[in-house]
């Protein structure tokens, strides 16, 4: 019942603070015999890594992962896989202001209300840095579901959406925004630059598609695939909304419009349901969309209070993402992989 | 790890099919000494009960709850509370068509793909009837959080939204739509009637607000209050989207707009975050919005296949809700209560 | 994390008090497609049922089980199986003395210390009556492990042990003690009769053997098959000790004596380990022994205090087992079945 | 549901193999604000550390613990506490024989049967080295229950028991056997020496007493304090039996003898129940006894098979404990602390 753990049969736990010596994840329940080395994990960390463009935080973290257990002679043994990433570029002094003042929208006040004592350096445990642990764990999960292809990309930044007609999967890795629409990517460059220079930040919507998921994964009722994905994504820092398939859009359809009619050979004529019916995969693409709010650590001064309740203003001088949602794409992919791998094993447990 | 259970410290499990002899919930971990009788539960079931207006299914179910354990001399004993509701109005023959044909958008196909054998009568376990068990469990949860007031209402049906300027809490129970806007309620009457008569269905958006939640409930990272609420709501039948606070709307705000600035005395100048920061309650209203798709059981014939993969058409003759989201309001309230009660106890465990 | 639930993938929860209207169990995670009806469960309840000889409590309970969900057309559907047993022969007035006085050795004082409010009728939730729910759940679990044969029997009562040389499996069901040694059964008749007439009680040791368990079930480290069995058995009322294989006896062996040497064809030359090495089954018989203390509800007056802390004497007039361990045999069998079925599914999840 | 995790509200997970780069534990759910540094953990590791006398393995491991997260400015923050211990003295070549041959009584065969691929170096994950992680986690747990004093000691080695009349707590740390009886310690010196020189091994019984546990901890039915302790202890390597209070001895008492009679002021006249009634603490000393089998890694050749099923003999040349039970004392203490701390928090959750 660890609140820093996720998953049922394949389960991972993360630990570590933004400015502590290291962060990490322990993955338990992984099937034995899978080929696994640091080289399987590193590419995903590299995609999430900060400092790769001017549109992300300038903190320089190599995010080199080490596998400390659970692998022998290049293959998993079925025992816990301990993944560790050292923190390298910590400049805690950047954060001295937030030791006492609460950043509005950030976790500072809430953590103090809950725990009474917190590691304020860089947001401590509430930092987006924790998502590196998820990405590492997610890389292991991918090996458990080799039949599935997972792809996340940004479909909207600051209210400016991609044009679906321009969708080009090849573009996703060709720009710093994981954007499938080359025209939108160009617009976002200006948009994010402007926010960054203004000391502000913008939000984003990530879409993630998993192809190759067979029909039958997921479990009613409190482990519905929709519910697991919703919890998985909503646990990511800065996320405030999740929808499956047409999501909120489906509320504006009629029953017959929203019906994903079927034809022979397991063919569906539409996928409004995002590949999940009754909480169970249908064999279609599993589609989730995730809302990332604008980063709350901004240079623009905002009104707040300090630990003593005294009114003050605060602006965050630390190095932050002008649009934290961008780097959310590899994180959402990781969570998708972790949920699907877990549900695959859970399905195998019950249904053989 | 029961997939039919929800919660961490206060945990409930539900069982039962739409057309079996009964359905029920077992609530475990409830604090001892709370005053509890059927009279504390029944009013919430009555709100969710079908057959109360022409805008819901005409199945007649009294939904009388019985408490079979966990209460002695009118007070909880800290042992499991078994809640049971008999199924009374079962007409399984209404469903003979769906024994073999899959209703598009419904769980039929997916259940068969997963289990190979399913109770097709009325949707069996995948029926919205299961939500009565949640409502019963939720009534117990409310007793655990007497400091909290929970209110859900419908803010949109078929794409027609309430006018926030007309918000009148007193209206919510004065119309069959749990609608806080008297003008919208009038429009929805025509809208839902039209859909019903056309053998179609419409979707809805429910909003739920919990007031009185103190700062400090919820737990990073995989038990964030946002994540728990998302999973809780997404586990409800027909739900395909969840957002906390401004949700998807927050992605279109700038960082300084989305900041919930603070003043002395724990005062916030806004509540874009829906009362949750870093996964922990801030003391503001906790706000969640939930998207219910249009009912997939409709009279309008749609194309589908049968168990043998043969192409056919299907229309559902059973008695169904033209807008299942309406009766979702008391269900969302129940899930909110269950999440908050659980997190209150979990917080007390760790932080005293 | 329900404390009234047990199991990981196949999970059961029990509810109900000795003198409430009913008791029951909900089994979740059962594979679909298994043939199941009340007739599969009742025989095991009949073995545990009270009132079948003068050596058990004279409470008359038919213990008729009803299956309320999870089965359709005679086969499991993979959804929760709700099992219910009505309480029929409640004479709460027998227990009026224990409403205020604490029976030494019983749960009365501890429950009050914990909860402050308890159902004292017949021990309420702490009554051995709860074990009927386990036996019902265990009958379902047996269907999940058809390859396994489970047999529990009494090997010692009141310090008088069976002679292993006399072991005759056919005798187990031929006497009221589940005793495999006809000579011991004859001695126990006198021994238990004497205790009963003296208003006293005696303890017992149950041994349970599961044959046909393949090598590979169980999981290091905190789900070791030994640990799961220990928890399962120690959760039974009146149990105060558990040992696997040679157990405490193994501490008096030398390493080479305790080694279960191996020969070709997966043959072992001994089974000191009780069929479990490193927490994982070896393919040999799984052997557990369980210590039941003498019933604490006795007619003999003993010194105690009442709820106000005043010193008094108490003797329990209710109908009790002079040797509660006897009826423990079918309960231990049920727990063995539940643990093995759960571990089988868990193994399948991880290792395919 | 991680099988490498233990606990409900306070939960720890361990990872690491005997000959990997490091081992560790992650403790989740720890209350915030507790003073914690490496100095609080190291003394307990030092007691368990190998190589401190000729009666334990000669592997030289400093077992220096590092705290990588969850502590800020010397106090816990309520976030996961990552504890890491480097492996220093690995001589994997000692184990080349067991790469293919199965040590009878050890986990080798069972791990291969389960996983098909294992880290055979020093037993890998099944090595007693894992218990260092538990001891580290247990040191954290002790801080959660400052009201409790926990003391484990060896009461029997190779069938030679201490004389309770000689019990002297001061002796426990004055000899290499954690033996409270100076005379027994002297006898054991010869006994263990003889076994060691003969290339054999002997078993042991550990007793652990927790004083200061208030009445009310523990939870019926599947989280009974007895059941939690049984699972906790049975999960330790080489343990094959657990008893609470009089345990198996209680089966030879009459009901009135086994009754722990009560007098005013919460006084008990005996403690046959080991401080637990109905699964809940009574306020008396909590007493558990644990059976450690003789080490299965011995120099004496025994018959076995190899991975290909061919018959062979094996003797383990690695450095091993002639009596692994001795070093079990600090491990049992740790598990007692972890169970009690968890149950304290769980009790606080439900009962305030």
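Labels for the chains are A, B, C and D, by order of writing; each one numbers its residues from 1.
We take it that a contact is a pair of C-beta atoms (placed from the backbone, for glycine too) under 8 Å apart; a residue touches a chain by one contact, two chains touch by 3 or more.
Predicted model, so just to flag it, every value in this text is computed and none were measured.
*Asks:* So, comparing C-alpha centroids, which chain is the farthest one from chain C?
*Replies:* Following the centroid criterion, the farthest chain would be A.
*Asks:* Counting C-beta pairs in contact, does B-C beat C-D or the other way around?
*Replies:* Between C-D and B-C, contacts are more numerous in C-D.
*Asks:* Using mean C-alpha positions as chain centres, tell me how far chain C is from chain D in Å, no decimals.
*Replies:* Comparing mean C-alpha positions, chain D is 26 Å from chain C.
*Asks:* Please report how many Å separate the Cα centroid of chain A from that of chain C, as a whole number.
*Replies:* Roughly 46 Å separates the two chain centres.
*Asks:* Centroid of chain B to centroid of chain C, CA atoms only: how many Å?
*Replies:* Taking the mean C-alpha position of each chain, the two centres sit 38 Å apart.
*Asks:* Please output the residue numbers of chain B that touch at least 2 other chains, ranges allowed.
*Replies:* Within chain B, the residues that touch at least two other chains are 1-5, 8-9, 14, 29, 32, 78-79, 114-116, 125, 220, 346, 351.
*Asks:* Line, ring, star, complete or other: which describes how these chains touch one another?
*Replies:* complete
*Asks:* For chain D, which residues count as touching chain A in their complex?
*Replies:* 1-5, 7-9, 11, 13-17, 20-24, 26, 28-29, 32-33, 66, 68-70, 72-73, 75-82, 114-119, 121, 124-125
*Asks:* Quick one: which bits of chain D touch chain B in the complex? Just the residue numbers, please.
*Replies:* Touch residues, chain D against chain B: 1, 9, 29-32, 78-79, 220, 345-346, 348-352.
*Asks:* Considering the complex alone, what residue numbers of chain C touch chain D?
*Replies:* 1-6, 8-9, 14, 102-111, 113-116, 125-126, 130, 156, 158-159, 195, 200-205, 215-224, 226-235, 237, 239-248, 250-266, 269, 272-274, 276-283, 291-296, 298, 300, 302-305, 309-311, 325, 346-347, 351
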